[in-house]
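In the two complexes that follow, chain A is the common piece, with chain B as its partner first and chain C second.
Entry: the complex of A and B
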């Protein structure tokens, strides 16, 4: 259980296939919550990489640790009870001569992280209805961020805020500047939230289920907007979702998480067309598709109790490949099964002829 | 906003009418009246049987109109208040009610205001500290002190503080709001400082329970607000923790406390009764108490009406403040 990934897969390689330099390098991160009932390893040895302008999709069901991974990068998880107990979060800020900052080591209330939050790394949340302050105007909340990070006066901040509201295509941006969040619809609030997050041209946007709480018709608009602004600003996006359809549309690479661990990591194409981990396979099979002849296949069993993790592979008890030796004693390591395709499964070693799933067309 | 205030003021008229009827019924409710109380006194002194005394009382009863039907008495009473600001005469003191309590009402108001300022100035910072340092030693200590404050009866606190004044501070005069030499003098700097040196005792006595309550409410509210998503958003923008707590936390957590102002005003008036008696304060409370005992109906009625007005105006002020503080509240 305490084994962490070898650093081999995260070492030295500073650019990706397109020659984009590395931006965020999470190495063997462990974030634990010390609750009254015992410790919960919410993030248990996660290694991820995000290159500049890249979109990384993080998928997994509720409670798998994807949000806490994001919160760890921002150092926003409640502490106590949460604590980073190991690993590194190397952030390569733009124009930093002194090399990367290890966000795992900084003071969560200190100056270093506060200068990065909202400025270098911005975040948008799942619930647009509650993520803006109800008693401050939209404009006040946006221009506050601009004035905090860029030394501009009130008038300049106001103009830039209105410009951002125009960019996110909020109708009548001058008027919405003085509107209160309760006067906007859910989709409009999420647009305002995006305007606020992107107001300082961050190099990384963490979007934690940005469309889950929205109408289906609005979801696509918001995703399209994020993608468009991503290209305009040239930022990277860490997109957290449980919707593989969203991943197929948006992400360059995908990390699939289960019980605080990355179980599969590869390019989006590889994960969707050639999934190697039985959990990924299960996720893909449980997507309903129009015209599909076969019934949906749910993953059997339920997520284990975080206080009583199985000793071996945490997916083991639910896994159709349990026949492989050692699943219930030795936790599998993340292994490279194809170039750039990592998976954490003892079954892959034997490479039996598992039933291949249908490919997930977006 | 003007319309909102005007409409609220108009709404107060029927409410005030109902309060006045209820007040009148209450002061009439105990069996007998002011004069039978006096009769009982005479009886004790063995003066009963003296025909002239009984006749005298009968004459007084006629003079005050106590033999008239109730509704006639009510309209005579309320008419005087509304038309002439005349609350009638006190039987006990044999003078006009307003004359009797005018200055005391002013003193009561000053004391109430001082108490509220004390309560908020002490309780809100402590509440914020307790919420942002949940379960710390400081939080637990304040919680303990708060519960003791809530639980201790204020007359006891008054006695302890007076004892402390005499023994520790060796004060020459204890109780009241002024030293004897300043009573009846015109206001001067020296008198004001003398007032300040006296006023802290009743302020602490009357305000302690309220302070403890406000600490608990502020702590709970702020903890709720700090759990909300928009606090995370504020942090994710890179704001410092103090801006997050004050601008986004306290700003919202304080709203429910503002609505307490409305309830607190009449509470302080009545809460000051016991403390006023123990400390010998020249406030309205002790006189009100005596008026109830001696069935001094017009005096008691004036207090009930005034408490009602305190309550209504307190609520109005609270509503105006809330409407101003919280953009989500509609005026219409």
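Entry: the complex of A and C
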């Protein structure tokens, strides 16, 4: 069991509750963008763990750093201005006896990352139209990936691509192989992109808002497909989304991010049923729920200017709990408030202490 | 956390006869042109025979998948897009005016009553105009106010939507999405309209901001007795804000009902499919795979008969021939589903409900499982009440 998010445990053989070995271990990652107006700490000490075949949901609103965290793993963010300034991204590649690779230290254009990216770790994006090339056919783009990472000839690559298109249930895969992305609908394009991402049987799929641009009905189909293929291939999924509904039905564990930090991390059930951080509570109260008409309670205020972050708790100025001393000077630490349930809130410990003095935190 | 809903009850008795808008047989067709001579080879029937009646002070939600014609319908109603046929009667100052018969000048004068809030707060504000110019433009163009009176009105508007008067000199780029949407709302309110068409006003916003804007729209509705047509694809948002909901499919309204009733008792297979696909942030409330097949057909080549029959799980041979009509299935609840289809749908729903209760209790721990499930209460209530089906 994890103690805190500090970088103390030696995690080579670490497994989760279901005995699944660790796959990706992000430790105190800091990614900063040095812009003309000053540095923006887009990812500010994020620690996350993904075990094999596990689905980790990363939730947060725009600008919270969830996409940059994923881009840091893939080493795909623009650099400069972006730079990884600290932390480790330990990737335990399959069959690697030499131990994990620290993706934070590798050359973003070098051989190591290029062997992993698209092969061991694949990624799908929100808007398939911008991530598929408009001037190449769908089939060409998939076989390119296959030929890049595996020693197969053109003909076999084509067969495998068609097989992938069939797997993602694109109708008439032989014909769609020669289709250009613009000829497909949004849902079909997303399927084609999934086919491309999964063509090399990755051990980790990073899905960045994969269904946000789609209609609810198509969304349900795509999520179902991802889940099915996940079981078939046995891959882990890092699912980035702002939609708690998607999280509820896809993720095993959830990390809630706010202003570049993980503010709460626990099993999906605990985060949604027993949220401890006021930001998570606020998110859950501000969404309308089908069949349960009630007043919406928005989080007051707006996300702070990333150039002028408040010195203490970055959620402090919007927090309804604010009463706890020191919120505006000392940034709270991620603490374990229940087994496996971490939250970064100066209020939680005090509140628990108020209610249950006998189990007060040390 | 059980604060009384801020949502105004549809005081039916009082408002029943106070009709503000009647749309009859509205059609908006777009020609499809092909070849070197740009010959018209067909039409996209974006809106194909829509009837709507709106009461003063109510909110009508329009939902459907992308491409169903909901935006075109919203725009056609206030003739931002010129409809092809039909009538739009707007009740104003004791008169019943057919908007379709108005000339340009008359229509322009009446536009003061009919305002529009756009989806994208980034492209709907002119980046070269500051907030004061944006919000005051309708007042200036219509010669409603000038000088210090104009200044005063703009300031009170901007305060009302939750911004500060010192924001007035700034330009749109300096604002977040939510703040921009507030500017768009202030602009729409400037002329004291009676009907506002809001086209996906919150779908580009983050959830916490979305709630702020939804609450603001509700407050403004009560304060100024506004009538809303709320166009959105998010069913839970629509259910939250609307008194009545109309579900659109390929340019037609296939079902309309009071929003709670529509949710409890969907009576068209398309509505049921849409509702089943909504993901609730409660891990116990499991979604189903949408109960329909295929994808939306090409609107330029819509299927004959019942337009939904190509995707309907209950389709029978007669569905491809007979064009269904909206008929009342319960008081105030109309559906285009044919009788046989409705019957089979209901029977299946009853069967699923019985089955769903069992499977849910069996697999309480198995979170990501796809199967039918009973409805659960909002998160705040979940801790106190284990049995919470159909809670309000």
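In the analysis below, the second predicted complex is superposed on the first by the 338 of 362 C-alpha atoms of A that agree within 3 Å, B and C clash if a C-alpha of one lies under 4 Å from a C-alpha of the other, contacts with A are read in each partner's own complex, and residues count from 1 in each chain.
Note that in this section contacts are C-beta pairs under 8 Å (C-beta built on N, C-alpha and C of every residue); 3 or more make two chains touch, one makes a residue touch a chain.
None of these values were measured; they are calculated from a predicted model.
J.: With both structures lined up on chain A, is it a clash or a fit for chain B and chain C?
T.: Fit.
J.: For A:94 in the superposed arrangement: first (chain B), second (chain C), both or neither?
T.: Touch status of A:94: no partner.
J.: I want to verify the contact counts: of chain B and chain C, which reaches more residues of chain A?
T.: Counting contacted residues of chain A, the larger count belongs to C.
J.: Applying the touch criterion given at the start, work out whether A:224 contacts chain B, chain C, both or neither, answering first, second, both or neither.
T.: second
J.: Kindly classify A:284 by the partners it touches after superposition: chain B alone (first), chain C alone (second), both, or neither?
T.: second
J.: May I ask you to decide whether A:18 touches chain B, chain C, both, or neither, giving the answer as first, second, both or neither?
T.: neither
J.: Taking the superposition as given, does A:148 touch the first partner, chain B, the second, chain C, both, or neither?
T.: In the superposed model, A:148 contacts chain B only, not chain C.
J.: Looking at A:114, would you say it contacts chain B, chain C, both, or neither? Reply first, second, both or neither.
T.: A:114 contacts chain B only, not chain C.
J.: Identify the partner contact of A:35: answer first if only chain B is touched, second if only chain C is, both if each is, neither if none is.
T.: neither
J.: Angle at chain A between chain B and chain C: what is it in degrees to the nearest 10, using CA centres?
T.: Reported to the nearest 10, the angle reads 80 degrees.
J.: Using only CA atoms and the superposition described at the top, report the least gap between chain B and chain C in Å.
T.: So the smallest C-alpha gap separating chain B from chain C comes to 6 Å.
J.: By the touch definition above, which chain A residues appear in both interfaces, chain B in one complex and chain C in the other?
T.: Correct list for chain A: none, the interfaces share no residue.
J.: Where on chain B does chain A make contact in their complex?
T.: Answer in residue numbers: 228-230, 232-241, 247-248, 251-252, 325-328.
J.: Looking at the complex, which residues from chain A come into contact with chain B?
T.: 74, 76, 109, 114-119, 122-123, 125, 127, 130-136, 144-145, 148-149, 180, 182, 193, 196-197
J.: Would you mind writing out the residues of chain A in touch with chain C in their complex?
T.: 55, 61-62, 185-188, 215-221, 223-224, 227, 242-252, 268-269, 272-275, 282-299, 302-303
J.: Could you list, by residue number, the parts of chain C that touch chain A in their complex?
T.: The contact residues of chain C facing chain A are 1-7, 65-66, 176, 178-179, 206-212, 214-215, 233-237, 239-241, 259-260, 263-264, 273-283, 285-287, 289-290, 292, 295, 367-368, 370, 375, 377-380, 382-383, 390-392.
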